[in-house]
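Order of writing sets the chain letters: A, B, C and D. Residues in each chain are counted from 1.
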Amino acid sequence: MLDLSVNIAGLKLKNPIIAASGTFGFGREFSEYFDLNLLGGISVKGLTLKPRKGNEPPRIAETPAGILNSVGLQNPGVYSFIKDEIPFLRRFDTAIIANIAGNTVDDYCRIAEILSDTDIDAIELNVSCPNVKEGCLMFGSTAEGISKVTSAVRKVCKKPLIVKLSPNVTDITEMAKAAEDSGADSVSLINTLLGMAIDIKSRKPILGNIMGGLSGPAVKPVAVRMVYQVSKAVKIPVIGMGGISDADDAIEFILAGASAVMIGTAGFVNPYVWVETLDGIKQYMEQHGFKKISELTGALLD
Amino acid sequence: MSFNVVIDKTEKLAEDIYFLRLKSERVSGKAVPGQFVNIKCSDGLNTFLRRPISILRTNPVENTFDIVYMIRGKGTRLLSCLNSGDTIDCMGPLGKGFTLPEKGEKICVIGGGIGVFPLLFLLEKSIDVNKTAFLGFRTKDLIVLQKDFEQVTNRLIISTDDGSFGENGLITKPFLDFLETEKPDRVYTCGPLPMMKTVAEVCIEKNIFCEVSMEQRMGCGIGACLVCACKTRHNDDYEYERICRDGPVFGAEKIVF
Amino acid sequence: MLDLSVNIAGLKLKNPIIAASGTFGFGREFSEYFDLNLLGGISVKGLTLKPRKGNEPPRIAETPAGILNSVGLQNPGVYSFIKDEIPFLRRFDTAIIANIAGNTVDDYCRIAEILSDTDIDAIELNVSCPNVKEGCLMFGSTAEGISKVTSAVRKVCKKPLIVKLSPNVTDITEMAKAAEDSGADSVSLINTLLGMAIDIKSRKPILGNIMGGLSGPAVKPVAVRMVYQVSKAVKIPVIGMGGISDADDAIEFILAGASAVMIGTAGFVNPYVWVETLDGIKQYMEQHGFKKISELTGALLD
Amino acid sequence: MSFNVVIDKTEKLAEDIYFLRLKSERVSGKAVPGQFVNIKCSDGLNTFLRRPISILRTNPVENTFDIVYMIRGKGTRLLSCLNSGDTIDCMGPLGKGFTLPEKGEKICVIGGGIGVFPLLFLLEKSIDVNKTAFLGFRTKDLIVLQKDFEQVTNRLIISTDDGSFGENGLITKPFLDFLETEKPDRVYTCGPLPMMKTVAEVCIEKNIFCEVSMEQRMGCGIGACLVCACKTRHNDDYEYERICRDGPVFGAEKIVF
């Protein structure tokens, strides 16, 4: 029997496959395609204190082996999440990770405080959303910003605390260390790379918001590199993501140092990607003689 | 579950406009007018996202459904290289369709360009209804499925922007003229935004039931990612609804054009 | 008649198509495939004062819509370039851009000084090579580093001076402004994004150097975004690159604000990409009624 | 100039090993043994780079050339889906080939796995020469082109790692035994590094002319990007030379294994 369970500083996952925030809504839609009980966890659409309308469309552009998105944190707000979504998600045996974002440190603390008393399993701080002008972009791009928001949230947060890092920085290890030093239980990375696409026929940016976040296979090498660097720089567990489309990709992240992985964009093309990835990881473990998924984390050979 | 469907028939209808008949019990059995399928136009990375294409018609007996698409870019171009017997990966049916008319009602559809396709399915499924279709095309050579529309309408008015066939100019013109003397029970429209806006506004003004089918770039196609935003009215405010799930068909009065 | 010529602060190019450094050697090999007279310019393989052997192989990995490379600045040194390569290149009517790199500010100055007295057309400072441990990586990742090396080189450099920027930074506009303020005549961007790929069968990094630089179509949205941001932030002309594979891509960069473009990785697949891109740009200009290529620079509509 | 060539014939030779005959006047007219072609295994982005494959043989009369490849990953898998009549984009001939033997010489080739293919071309082009070939395979089922090798050699020794055919074990063993009693004028080798290293070392020791054909991941394939580095001796120091242009064939004494 393979042991696929991972324990991310108190966040127990039955397997390392997590749906990435913003690509999976609150699980309702994909639950029509597969059994959510199969997932290790679900990171829900980024939550703000008040509902947010999001950015003007178009909000997506296709780019080589990837997409740009500029949703802009459209969400029903944390209260609606608690009332309408937690009860639905709790029907499944999967970890609920509340991805949260705010404009101010106070915002983050309020949301974390509110969520600490609810039946969720962990909080993921989105300090790195590139689509929103104020707020979280600012925090995620400096070590001080990350320290400030993480240590403040840490004080009020009674759940395992994951800090999600932006790749749009000079030195990702500095950001990870700032999160660790400020009390994060784990870091997840990468969020999207800031990008842009232009329609040369209309001579206009494709996105209503001009710029957006790049995700999908195109970003994988950058993400793997950052996961590798970060997992060497910090002691807390690392959750890896960015362009995972199949088990081979997921294993690449795990070998680079990730304890668990998130998958997002690939699900737009293949709604079964999470389940298929899990199956593929099991096969790989069997073929390569691994009994526990945790043995695979960082298991690069020299 | 897999989304592979086999191509039963392909046909070039006009320059850059192609017809596909696909085998799928799921789609042919469940689809309603206004819904769409989301197609992976190539394996792998050449086109990353799926492409939404409206369902033109279903044949639940033969387990087939039809689509017609225009080559607009990389994805639709790759699609046009496929032949019958080939397999494509196609999710659906997706989205919320049109509200079908009641028996005895009088309806109008106004379509422009590639927007005419979902309207054919609606017309076919509108039984014992008096049906008038207004279809606008850029030019004569782009007129497709004229016979098919004739068969399912009581009256068919075609216009071309350049006057090369039918009425000269925008299709909204004959439709507005028509409204001078007639009052349909329901109006349905799909096509370019300015056209739909004109239709929606006059229907709202005249208090005619009107549904519009919206278009937007999509990600997941099933309602999870919130990229396919459509600005809709909510009391004095607006929200962004999902075209792929809350639409593509919306009540005209909801849309903030 | 279309006017394709561009003037980059004294560097006159007959058209905006330049071969990107490190992907084109010194032009000899590609000259067997097409007439180098057709190019606006050639940025030669990065030159150091002394010859450099470069990194251990494998030096390339294929990634989704891109590649990682870790050549590590293998080159014959600036003297050999002057002796063996300039005479060859001068046989063609195309601008010679000497791409240079050093470990210290002194290195950069020496090379620039030496090259200033040779028959080249411009110097491109590579302050951003991600494959070399010491030296240029350091300079390119902070505004101070860029200022230091640029202003020192400016003093001794008698040729138009282009500073090539690294995308591996939090704020690219800061880097561009530092270059401008220190006397750069132009900035070129982007160099490669730092990335990594792992072979899950052998459980080893694919590159001998572990990490390498990502280039090719995958990076295009990031590059277009940075060109857009930089061209709004500085007054000096911008040379854009990163993933250009055809005329549509090149036009995207030019609309985003580039005065000229460089093409590299795409030439590995299609050795005619430079020529075909130029032809495609001409077609676009004709179709869209542009007479001068300079009118296209930054010509986004609102 | 375009690199499109038409596939004349495809054949599956063994599990995951495929033969392709391609139409190309350029390649068939110019190629010499040891050279390779660089193939775009799929249009667009599914595989980005070209894949280097050795030329197995040319037929300048029919304007064709042959290659044999093993499925190793994405690119070679996509290649194996093509059929005769299809077109592929193929650059070449590229690289520096083997030094052909002089008439009357005695030569040995030692090949392992996919390394045997360029050696067949060399043997075919070595006229009036006494030729012994040592070919190693992992197992019996992977032995390909045995007849072709028999036809162009005076002696053919085959070994399999698992002893399922021919000699049991590594092919270097019978070759080393052979050298106990014979001294060929020239030795050529292509295959796994450890094999080539053994062959190179013994030839250097015994002062036998020896050429090795090296493998490395490639970028441009024509010598411009310096990614295909091969560590070579230069006096007391080393350099990295380009396998795609300075090689793939190098004098054995040059290589730093």
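Rule of thumb we're sticking to: a residue touches a chain if its C-beta (ideal position, glycine included) is under 8 Å from a C-beta of that chain, and two chains touch if they have at least 3 such contacts.
In this text, all values refer to a predicted model and were calculated from it rather than measured experimentally.
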(request) Please give the intersection of the contact partners of subunit A with those of subunit B. (result) none
(message) By the touch criterion stated at the start, how many steps lie between subunit A and subunit D on the shortest route?
(response) 2
(request) Starting from the mean Cα coordinates of subunit C and subunit D, work out the distance between those two points in Å. (result) 36
(request) Starting from the mean Cα coordinates of subunit B and subunit C, work out the distance between those two points in Å. (result) 47
(request) Would you kindly tell me how far, in whole Å, the mean C-alpha position of subunit D lies from that of subunit B? (result) 56
(message) For subunit A versus subunit C, what separation do you get between their C-alpha means, in angstrom?
(response) 34
(request) Send over the residues of subunit D in touch with two or more other chains. (result) 45
(request) At least two other chains touched by the same residue of subunit A: list those residues. (result) 61, 63-66, 216-217
(request) Could you classify the connectivity of these chains, where an edge means two chains touch, as line, ring, star, complete or other? (result) ring
(message) Judged by the touch rule stated earlier, which pairs of chains are there in contact?
(response) A-B, A-C, B-D, C-D
(request) Would you pull the subunit B residues touching subunit D in the complex into a rising list? (result) 42-46
(request) Would you mind writing out the residues of subunit B in touch with subunit A in their complex? (result) 1, 40, 45, 47-50, 91, 216-231, 238-240, 245
(request) Would you tell me which residues of subunit C are touching subunit D in their complex? (result) 22-25, 28-30, 32-33, 45, 53-67, 69, 71, 74, 206, 216-217, 265, 267-269, 271-272
(message) Touching residues of subunit C toward subunit A in the complex: what are they?
(response) 61, 63-66, 68, 141-142, 168-171, 193-198, 200, 202-205, 210-211, 214, 216-222, 224-225, 228, 243, 248, 251-252, 255-256, 284, 299-302
